[in-house]
Amino acid sequence: MTYNDAIRRLPTRINGLDQVALGGLPEGRSTLVTGTTGTGKTLFAIEFLARGIQHLDQPGVFVNFEERPEDVRRNAASLSFPIEQWERDRHWAFVDATADAEDGGEVIVGNYDFGGLASRIEHAVRGIGAVRVSLDSLGAVFSRFPNSAVVRQELHRIAHVLNRIGVTSVITAERTSEYNGVSRYDVEEFVLDNVIILRNVLADERRRRTVEIVKFRGTTHRTGEWLFTIDPKHGIVVMPLAFLTPLAVASRTR
Amino acid sequence: MTYNDAIRRLPTRINGLDQVALGGLPEGRSTLVTGTTGTGKTLFAIEFLARGIQHLDQPGVFVNFEERPEDVRRNAASLSFPIEQWERDRHWAFVDATADAEDGGEVIVGNYDFGGLASRIEHAVRGIGAVRVSLDSLGAVFSRFPNSAVVRQELHRIAHVLNRIGVTSVITAERTSEYNGVSRYDVEEFVLDNVIILRNVLADERRRRTVEIVKFRGTTHRTGEWLFTIDPKHGIVVMPLAFLTPLAVASRTR
Amino acid sequence: MTYNDAIRRLPTRINGLDQVALGGLPEGRSTLVTGTTGTGKTLFAIEFLARGIQHLDQPGVFVNFEERPEDVRRNAASLSFPIEQWERDRHWAFVDATADAEDGGEVIVGNYDFGGLASRIEHAVRGIGAVRVSLDSLGAVFSRFPNSAVVRQELHRIAHVLNRIGVTSVITAERTSEYNGVSRYDVEEFVLDNVIILRNVLADERRRRTVEIVKFRGTTHRTGEWLFTIDPKHGIVVMPLAFLTPLAVASRTR
Amino acid sequence: MTYNDAIRRLPTRINGLDQVALGGLPEGRSTLVTGTTGTGKTLFAIEFLARGIQHLDQPGVFVNFEERPEDVRRNAASLSFPIEQWERDRHWAFVDATADAEDGGEVIVGNYDFGGLASRIEHAVRGIGAVRVSLDSLGAVFSRFPNSAVVRQELHRIAHVLNRIGVTSVITAERTSEYNGVSRYDVEEFVLDNVIILRNVLADERRRRTVEIVKFRGTTHRTGEWLFTIDPKHGIVVMPLAFLTPLAVASRTR
Amino acid sequence: MTYNDAIRRLPTRINGLDQVALGGLPEGRSTLVTGTTGTGKTLFAIEFLARGIQHLDQPGVFVNFEERPEDVRRNAASLSFPIEQWERDRHWAFVDATADAEDGGEVIVGNYDFGGLASRIEHAVRGIGAVRVSLDSLGAVFSRFPNSAVVRQELHRIAHVLNRIGVTSVITAERTSEYNGVSRYDVEEFVLDNVIILRNVLADERRRRTVEIVKFRGTTHRTGEWLFTIDPKHGIVVMPLAFLTPLAVASRTR
Amino acid sequence: MTYNDAIRRLPTRINGLDQVALGGLPEGRSTLVTGTTGTGKTLFAIEFLARGIQHLDQPGVFVNFEERPEDVRRNAASLSFPIEQWERDRHWAFVDATADAEDGGEVIVGNYDFGGLASRIEHAVRGIGAVRVSLDSLGAVFSRFPNSAVVRQELHRIAHVLNRIGVTSVITAERTSEYNGVSRYDVEEFVLDNVIILRNVLADERRRRTVEIVKFRGTTHRTGEWLFTIDPKHGIVVMPLAFLTPLAVASRTR
């Protein structure tokens, strides 16, 4: 390790995001993406893989905890991401981490085998030579844990495994308020190296979407909230820098 | 599955709603409709079926957890929906999921058999060839579960069954505040694919009703709050688009 | 049941209220009246019966959970309601549901026999041919239940019995804040068909009383808050419609 | 009981209070006086008895739960109330309900014998022919109860006994915020017939004392907040009505 | 006891404080001094003793629960209080009530022997003929108690012992918010006779220190917040009365 | 100990900080540095050691609880701190207090052996003659404790050991809100002698970093919030005093 061995970036190629992130996400590390419902967490997780495949030939593994592969495929289809095709071409692989909801039995609190999941992720990554991994969304799994101390430890465990495997990953998690804290259990953000918040703020009966990089450990990034839209054609589109002047003060009277 | 296999819409035919929803509710999926008391959740659930019957010849199944069939029939009568007639014509079927309130025994926490209910819903759907299903309202059932992790899992289970059966459904749930969060347990909105909030905001001693689509997974919709009224003749009436300018800023000073 | 079999109204004959309620309370159903302390819930419950006796010859049953019959009689006397006289004339009957406070033993949580109470109410209703029933106030009873799921179920049970007996009823319940939620346990309002809130708002060191109909299931009503006073002579007096312009905006700066 | 048998008033003779109370406190009933620390609850309880002795020759019993008789005597001395003299003259009697704090043993939750206390109060009342009773303050006792349902029941029991004995009483209780709710457990105000709040509001670094009658069941009173001071000579002095214009709006911007 | 046997004052001789307190702290009683971290509670407790020694030849006992004697000595040294010298001259004595933190064993909740502590305090007071006692800070001890009912009872016990011994005392306790309530457990202020709050308010990125006397039972005092500074030379300095005009309104907009 | 034996300062040599701290951190004591995620706690802990090595030849020990040594090394590399080189030169030593996350077993609540850790820290300090110690961050450890009373006691224990060893230390801890309280458990700040808060406030979509010294027990410091930036070249840079005028009022409207 030498002194110029600082944090390298993996360009996400999500429209406009890399300019805010000053190059991309920290390479080889995990980034937590939190947001209330419908803020675009799953879309972010999908596009993180899709843009890597489309522009950089980087295969990706999608670990789905809440929505099933067929749902993800269909949702992605609306943005013209040919996920099935990519699966056939071994650019994309699913690791299905949903429990079998209908037939599945009791909720066994705490009974979630991350050891087994880790092996499956590692196997999938090796199988297609994946560079990127998305985990969407940990909310369902965390809700089985008895308290936030366990959430904390298990999240550590996941991040550690991903780091050891050598991939750059996006982990989505839930929050329930736009105004307080960062994540549901108030611990997730302290465990992971990097944190991005997606917001969907209701102001004057209008919704406005913003993205903010809250921290990148050991390196720099732009701060503050940046406007973005979800476009049926281009997906997430962070407003080009040239347009990015401070948002109107009036819109933040609260 | 091909690339243009995106999310199709089922027109609700509720007055003005489909324009905001850009065509209707996502077909084959469940939409969560939340609201505080009296915001019109039950009316939404009824009209979702009634408009399908009236305009598109689509039979519907109404699963009632809180109000009994005779109450629903009578409440619907005020809007001239001839539910009894429709039941005789096999356009409408009730699945009565209320416990027997008066004679019924103890509250057995967690003791709600969704397996049995699923069969009854499936049976009713097959029986009349239903295209639409409304479940109103899950609040009473959820209150029997010991914690939000179980709410989460059971809601998953319900949504999964409805999806497998192939119907488009509306599921109503409760919230207790107009200002914080989306639903009572703060997990319902993460489980379902689509979320609509009905609001009844008290401002300057006046009530104003609004509807907002919070998310449609994998597809687009109009954002923000849209005014609507409940008309004794026409039921829910979302204001025509031409009138839909941003609501006055002054009305949202809080 | 025919299509014009909508919700009929029972005029309360409380001064000015029926104009806001567009005719009266939904007949044959229960209406929840909530308010913080001293907002006039008990007065509402008393007047609901008294006005029926005075103006429409409708006998009424008063189920008292917190204040004893002699207290209710005395409080009513200040408004010149001759309750004892009415009791003798079989226009008014008490069902005393207070526990024996002084000599009474332990608080047995959950140990409240609603089955027995239901019979006593039914017996009293039959006895004088009652058309109206007031229950004031459920707060004391609910506080014995272990959690809000039980409150929910028991309230369902009560409403169901009253509905079966065929009376129109008013049920009062407590709330502790003028600004958040509707009722103490946040579930009462979802169980009952109709909800009215009485408020006593402190603004600029002055108190102002308002009444608001939050919902009437299956039918229409005026919305928003309406000013009323409690007059030593006329009891509750909702301001006549002609005076009812929107309340000053300045008074709601919070 | 006849129709003009409404609620009679017992003049407190506390300076200026009876004008706001429209004659005095409801006779033969209990009035809850709540306030944050130092708002003057104990002073109110003392003066209620002292003014009765000084001006109306009405003996009084003081039940002390928190401060010991010698402390009450000394605090009263600063206002020139000769309590010891009154005790000798059988105008004033203490019922000491403090537990023996220093030597006393464990805190036994729920273990407070109100039956025994009731007898002691009754005995003291009979002994000097007391017309007034003050209980100050129930906060310490309530803190021994396991939950608010027990607080509710026990407060009922106390009020019932006092009512049966035939005295007019003042019961003080604690609150911890000037802005939310009425009392510490949010149930005390629903149990008692009459509620008065003493406030000590910090505005612009200045404290201002106000008194508000929140409810008098079955009778009328002035509403809103009224300024008062605590004068080293005259004790509580509510501002004379002539000066009582609405308090400045600017002082309530919060 | 005679009528002019009102509450006497013990001048603190803390700069400027006695003018606000109208002479000093109530003699022979305990005064609760609460504040968030760093507001000057410990300094107040130290100066209360130091000024007594310096100006009135009154010995004092310092009961330390959190900071050890050597820390108190060193912190006091910065203000030129020669505590070691005073200890040698028998003007100052420590009662060390810290548990042995490093080697000490388990946290035994509830297991704090106040009986033993009381004897040690009494012994120290007798030993040097102490007139003043400071206890700093009860926060650590209280955190061992299972609930606020025990905090309440134990604080009563302490105050009672100090009162019996005949000393005037200062007891410091913690609060965690400048805006809500008075103390951590919301009961401390109701137990003690006198309450002072120290505040350290952040306004416009600046900190401002204020002191407020919230109550002195049975006697008078100035009300409202008074500015003070902590001066490296003179310690606590409350602004001289001549300068004490109402603080700027603008600084309290929240 | 003599009277001029006041609190000495250890210059941190972090850019601009010592001017605000009036010389540096209190020598031989522990300073708590709290902040929400990404505020720069770890950077502060690293720079505290790095600046000591670079400018004052003072070796330092870094106790890492959350991020592993290799992560700290890499994050530090971005600021050109040659930690590996310093380790080889015995200027820097790690005490790795992370549990083995991946293979590690169950979360044993309360099962954290601070005795063992204390020995390891002492050994490392002796080994390189360390003058400074950083502990980053206690959040993960605290989450294993059953309640805040244990957090309190264990933090006492740590501070005591560090004090006995004779080092000056920085201990980082988490907070989850910029607006309420000081630390996660609301007790940490009362245990330690010195407290610094790092803030990252979102105002008008912009982030602004500030540092505030909340308390230095027994000595003086500048008060209020001071702007700082995190510069890719110079790390933490508190704005030079000349520029430090009060921050704009408008930026703190909330």
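Note that the chains take the letters A, B, C, D, E and F in the order they are written out, and that residue 1 is the start of every chain.
The rule we apply is simple: contacts are C-beta pairs under 8 Å (C-beta built on N, C-alpha and C of every residue); 3 or more make two chains touch, one makes a residue touch a chain.
Bear in mind the structure is a predicted one, so any value in this text is a computation, not a measurement.
> From chain A, what is the lowest number of touch steps before chain F is reached?
1
> Can you tell me the C-alpha superposition angle of chain C onto chain D, nearest 5°?
Here the rotation carrying chain C onto chain D measures out at 60 degrees.
> Over half shared numbers or under half: where do the identical copies chain D and chain E land at their interface, same or different?
different
> Averaging only over C-alpha atoms, locate the centres of chain A and chain D and give their separation in whole Å.
Inter-chain centre distance comes to 59 Å.
> Between chain B and chain D, what is the separation of their C-alpha centroids in Å?
51
> Would you mind pulling out the distance in Å between where the CA atoms of chain A average out and where those of chain B do?
That gives a centre separation of 30 Å.
> Specify, in ascending order, the residues of chain A that touch 2 or more different other chains.
As it turns out, chain A has residues touching two or more other chains at 254.
> Please list every chain around the ring, with chain A first and chain B second.
Here the ring order, chain A leading and chain B following, is A, B, C, D, E, F.
> Okay, in this complex, where on chain D does chain C touch?
1-7, 118, 148-150, 152-153, 156-157, 159-161, 164, 180-182, 186-187, 189-191, 193, 195, 210, 212, 214-215, 217-220, 223-225, 246-247, 249, 252-253
> Contact residues on chain C for chain D in the complex?
36-38, 42, 66-67, 70-71, 73-78, 80, 82, 84, 99, 101-102, 104, 107, 109, 137, 139-140, 143-144, 174, 176-177, 200, 202-207, 230, 232, 253
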